[in-house]
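In structure tokens below, several structures.
Each of the two complexes below includes subunit A, the first together with subunit B, the second together with subunit C.
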Partner chain A sequence: MKSPIEGLRKEFENRVKLGAMSMLAVNDNMGFNELKALLEVTDGNLSSHLHGLEKAGFIRVSKTFAGRKPQTTYAMTSKGREAFESHLAALEALIRQLK
Partner chain B sequence: MDTIDQNLRAIRSLMERSTRFTSISGISGVLAGAYALAGAWAAEVYFLPAGAKGAMVFTALLILSLALLTAGLLSYRNARRHGERINSRPVRLLLSSLGLPLLAGGVFTLLLLEQGYLGLLSGSMLAFYGLALINASKYTAAYIKKLGVLQTALGLMAVAWPAHSLLLWSLGFGWLHIGFGFYVHWKHEP
Partner chain C sequence: MKSPIEGLRKEFENRVKLGAMSMLAVNDNMGFNELKALLEVTDGNLSSHLHGLEKAGFIRVSKTFAGRKPQTTYAMTSKGREAFESHLAALEALIRQLK
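Entry: the complex of A and B
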């Protein structure tokens, strides 16, 4: 039998990355400040983790203008959704095994 | 084991907090119900016998404003206490998903009044309000959907039995709000 640990993604070991992915899984898109406020992290910290997720192809970044203010919004890609769901399934399988 | 549990709990909590505003106040429901009962009593005793349409519309709008103001202020206070944010995406979605159907319902009800369909007023208010709640329940505590279903059902009944429409209006806007308000207060506001 395949061990559930194989489904775990090392990209999601980090709390900020996992948190951002959780929110993007249930919201079509979210702005930088919205993510920052709920994760309670600094600008630099969040932006480096989001950059990592973008490079892995898990999220899509788009820059728009809200009036005159530039705004960056993030959305989950289908590759990101697949990875996130397999990570969740692995976590749940681990829990069941340990109980 | 602990960290997996913590992970799952953090995931669930972030999903919840990024999509729903849950600091709604139960006491504001009780107060809104009390305003509505006072209004229904005034309508029954003074406005309806006198046929005072203008005074009735004015009172209805006054009650609505008071109820919305109370709900806004008390929920704001609740949110401050729980550390839940006010200027957030769920709050904006909640307000627009509640506000748009309510606005449509308000205009619809005023048009009915203008065209003389007095017997349909209660039902139209209840039904639009109930549907607005069902619509908004995606962005707030899930039990709001039940309140919406009940209000909508009372609205349909009020249209079916116009003779009892004021009673059904008091049941919906008055007693249901009071009942639900206490339920929320005891159950969800420790």
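Entry: the complex of A and C
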């Protein structure tokens, strides 16, 4: 019997990371406050998890200006998409084993 | 838009906890070595996560003897089943949002 957790990635265990990646999977890029509002988490919590995802190369951070206001947006990298999709496939396989 | 991580439970974030609960969801009870072999984890790693699940009231530990050999087995509690099923439902909802 195959291990039910084979293929699950430690980097996506945390719910905030899982939520951020799932948002960025279906949105080309998102701002910090957009992610924060949707995930209902604190600034500190979100920025530490986004930093972790960036360091792992799974998301890319862009700093731009909206008029004179600085704006930070996040987007999934192809490396991130590949890793996240394999994690989701492993989650789906685990859930299927329980049906 | 509902938060994609609503309903996900911190107690089941960890892959070993997730794997142990999914094994105990489909097996009335399982021995330590059985869980260890299937999850492919170390003794220390497994026992710390099983202890966490026991403390949360999600699994029950039984100490019996097979002949003269002490045997530790684990089973899911009804509280554990309820919490785990709601976690799985939230995971399925998150994955569905991505399709």
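Miscellaneous remarks
Assume the second predicted complex is superposed on the first by the 95 of 99 C-alpha atoms of A that agree within 3 Å, B and C clash if a C-alpha of one lies under 4 Å from a C-alpha of the other, contacts with A are read in each partner's own complex, and residues count from 1 in each chain.
Everything below uses one rule, namely that a contact is a pair of C-beta atoms (placed from the backbone, for glycine too) under 8 Å apart; a residue touches a chain by one contact, two chains touch by 3 or more.
Note that the coordinates shown come from a computational prediction; the quantities given were computed from them, not determined experimentally.
Using the contact criterion defined above for the overlaid structures, shared-chain residue A:N14 touches subunit C, although it does not reach subunit B. Legend: residue contacts after superposition of the two complexes on their common chain; A:M76 is shown touching neither subunit B nor subunit C. Between subunit B and subunit C, it is C that contacts the larger number of residues in subunit A. Of the two partner chains, neither subunit B nor subunit C is touched by A:L53. In the superposition on chain A, A:M23 makes contact with both subunit B and subunit C. Contact with both subunit B and subunit C is seen for A:L91 once the two complexes are overlaid on the shared chain.
In the overlay built on the shared chain, the residue A:E40 is in contact with subunit C alone; subunit B does not reach it.
Overlap of the subunit B and subunit C interfaces on subunit A: residues 15, 18-19, 22-23, 25-26, 38-39, 88, 91-92, 94-95, 98.
Remark: subunit A residues 15, 18-19, 22-23, 25-27, 30-31, 34, 37-39, 88, 91-92, 94-95, 98 touch subunit B in the complex.
The residues of subunit C lying in touch with subunit A in their complex are 1, 3-6, 8, 10, 13-16, 18-19, 22-23, 25-26, 38-40, 88, 91-92, 94-95, 97-98.
Across the complex, subunit A is touched by residues 1, 4-5, 7-8, 10-11, 14-15, 17-19, 85, 88-89 of subunit B.
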